């Protein structure tokens, strides 16, 4: 079986692993107060073009999301998110477990628009009833989104502007950030994120690390006492240097972006193969996740050789499924997949 | 100004108040461990036709909802509710503040259907991803709903059946329960609720008490240690007998239902006046809340003499607003309102 | 049986109740946005000598404590309290249920000293480990304390000074505040509290109201969005005017303090009777709660006629128990109790 | 500088690391649903002598503690712990952040006695006031404790007996479990723990793993839906197999215990050196943590070459400090330390 079901099937990029091996017997201070974490934070600050940001390293994405949101909000405040947002659907109510409502807005492509955010804010701000409703205070977006789409600089700027007007925090979940920043058509970069967001994270787990997310805090309110929050929520790794060592390796040169670029390239080959055979897609994605809509009859055949993720049923006899590539995706495996697709020939949805 | 904006503008029904005055200087045990609470609980058990239920008295509805839900759920479990449900929209995230997600289902008339509940349950039960999602465990419904509609015995039985099949608790918010049970077309009663629900409450605040809700617990799991939960959530009234005295008065005869019947009758007069002049309604309600759709030009005139609640804009120039009656509504005031409506003559939406 | 077991055995002072009856059929806005609440708040501001404070009315003490603390703290922050503090012992973990640790300091007389607070703060502020520990952020004291003792102006000033130096909120639980302010030896008053504390409440439930506490917020951080917090925690009374009506009556003249003075006077008679017969006390109290240490043999006889509260076993055969008086305590009942004490004659602890 | 300040200064044991390297490019399912986790769980079940236990792998100790406790308790329930317990002092209120009070009992040696637990339970069970107090429901102990002491089989059996009589869960924090089970005088083993506890964990972070704790659940109530809890609390590692690979290596032979034995042996050398020079100890420890009481004048000299942890000031001029050894402790480094101690000669506390 060849796995295209997710982007965390393998371990770490060999260079990252090598660095862990090389530093294994060094003695360092615990809890992220070591020189590797300092170095990695310094590299990230430099790539973001700002020295006045705080960088923290956490183990995983759900942990990062819940820690940021718990740190940022007072008890009566909530989070605006697309209904497809990871915090809304796939984190077992982690945000609510910290006491906060997720105000989920309908979204066809996984993105929020500035206007939606403004309308949601205003719907909660009427004089008469506002204290009977949750107060929106943080906007959660993902880039790329859970369905692989990305924000343009113009879109993100508009969102950022609304957030600043309405005194909302803007937090960007970058579990797959590298894939967005290396996608065809992308016009955002780290300095832009550091300028437009109050907080965002650069995902390592899904791009070449064994595990780990680099959280960038730009807003002073969220920065304050943040290490207390990491500890309380169980996210403070005793051997914190493991995170520092990995991120230093990912960002000392361009390794992080090289890996993301490779994955996107592999994904485009898969996309192309489906497109050429007439398949529709759930959304148009230029990143490492592709969501072709496939007749059940073909899925039956595909699953004999390939693992993918079921996403959503779109008609009686067809479903959107997810094919994921990663830094580790073997072009040979992609070749087998595309060959298989071509072998089935042009898709016929009419009988579905 | 005549207030039709809510059903808690006045104090208590005179008979209830009189009883509070009469017993004022008696010395009783605190925290609801007095003879008045026992008596009132006994009356309610008897009206429900079951001795094996627990009855607790709390001060308000939000408090009751959050205490029941916190008592019933484990941290990873959530509540299925209509998107219009009070807990979803007008309790400032009280349920989330207790750690639980509200899984809000779209509802045009404020009600949930058995099939919607089943579908929601199943969407969260897939083998592959279920632990990444909240586990639905309690169904929250209101009767009457927030828009005045009511459940039939058949509908509630179907919901109860799904809940038992799927091991979901069924909890009914009865902030205005009397109005439902006395509505034209209603075929439910207290014994039916005590049989079909795991918990429900009989609202006093909105039907004749100074304040107070009588919570009925039918399910042993929720019953266990419930007084701890009341205390922890700040709902244990020191002079608990105030609740017992009031509910004993409401239920020793038919006072509770007489008051609700009066309010419904007043509401039907208002409904009739609007209907005769061609007004549409947001929903068809047979209880004390009416939601006519009214052109802005007419609202401008109405608001000079009457208070109502704004509900929702339905077109450029017309809104649904809420007129509420209560046990205290004066037929004379209703007369003034209906006269005014007739004075405006047949409604013309065309220019809205 | 004559009840001396608590100070909330009866209903409300007749003047308070009369006012509720008199205003019963008036129509007012809900949720505390009525003229009675405004009036009562105005009276309290005036008695505190400050216009820049916020006054909110809540139903009970646990509710008030948890709402203030939840509003004031971020998730990693905790509360310093005497180990005897009500929040630490008798509120079923309500503060922890809001996510906050109570850092309980040993206290023999129910009071905290400025030095204890400072030492606790410093023990949590070491550079190396602080983020592994809760951050102390709010100091909770009660006046009178749970064992009837009171703070002097000098003591409270010293506490306030430490709190301001260390950026700690100072919150005073005044469930029985009137009894403290009317006690022999007291040199504090409402303006002093409003100057020295960040928040405090004036208890009504235990001094003449049916229920209700008037919360005074002096600190802008805690003031912000406080009504959201009241609603979320289930403390927003629909017919909020009931609280306004009562507090307006308590504070329009000196009724609140007259009642407290009466209770203290009755308590001093009881104290005197025990003292004259050689009884020891758990602490020296000048307020309405007295804690004589009584041999079990005498308790057996007392309990045939009087209700008191068991407090703590102090030796094999003797316990401290609590006798409470209130605004409603009948001098005749006190006469019966003191007569009984004198009848037993001088106490002999030697055989205990 | 030679570090004796903690037992997590280095990375992983070389054999463990080698296994991670060896398996790095394999494709496996995520979230712990892979064959390595199955294998490791199987090995642990086998070492515990029970097939009916559940084994989960988490990243760190605080995370494990909070997840177990959140899974086990209802909102009104609390945890009995020694006041020195890690959850009470060094987890930034993580348990309270999940809503639960820690009922901390004084302990001189870090241990709880069966009698203390029973007394605490009974103090919270009085008919009159129990619902005003937290309900004790889980007993938290550490083995070895935070000060290196260990439980005997007799002590643990007595605790287990009280817990079962009183319907309390018994949870053992084994962050350093190996060191306890390999200590001189220990008579406990994994099968005994699996029989006497409801849950416990086998710490990897401090004994040879890069990170990771193996949680053993013996009680069906806690087992239920536990993966939901791991996910919600942010503890579900995407590449879960990293934990499985490590624990399989630690437990396929005796590596785990060999490493712990080495650390204990090194600690005994340090202990012996201090003892021979007349030093007192905070407690008598036979595990990898030693707490000698050292005059400040000597600490000044020691700190030029060695890192240790400050623990507690015991007099004007002397403090208890912690020396930690681990699987990675070099006998040469221990030699340097003991030589240094001998060089200072017999300790003189008199001038302290």
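Note that the chains are named A, B, C and D in the order they appear, and that numbering of residues resets to 1 at the start of each chain.
Criterion: a contact is a pair of C-beta atoms (placed from the backbone, for glycine too) under 8 Å apart; a residue touches a chain by one contact, two chains touch by 3 or more.
In this text, all values refer to a predicted model and were calculated from it rather than measured experimentally.
Matched by residue number, over half of the contacts between the chains of B-D recur in the interface of A-C, chosen from A-B, A-C or B-C. By number of C-beta pairs in contact, A-D leads over the other of A-D and C-D. The distance from the centre of chain A to the centre of chain C, with each centre set as the mean of the Cα atoms, comes to 50 Å.
Our note on geometry: chain C versus chain D, Cα centroid distance of 41 Å, whole angstroms.
Centroids of chain A and chain D (each the mean of its C-alpha atoms) stand 34 Å apart. In chain D, 75-76, 91-93, 97-99, 131-132, 228, 231-232, 236 are the positions where the chain touches two or more neighbouring chains simultaneously. Within the complex, the chain C residues that touch chain B are 3, 6, 8-12, 14, 17, 20-21, 23-30, 59-64, 66-67, 91-94, 97, 205-206, 210-211, 228, 231-239, 242, 328. Across the complex, chain A is touched by residues 70-71, 74-76, 98-99, 130-132, 135, 225, 227-232, 236 of chain C. On chain C, the positions that touch chain D within their shared complex are 75-76, 78, 89-93, 96-102, 128-129, 131-134, 310.
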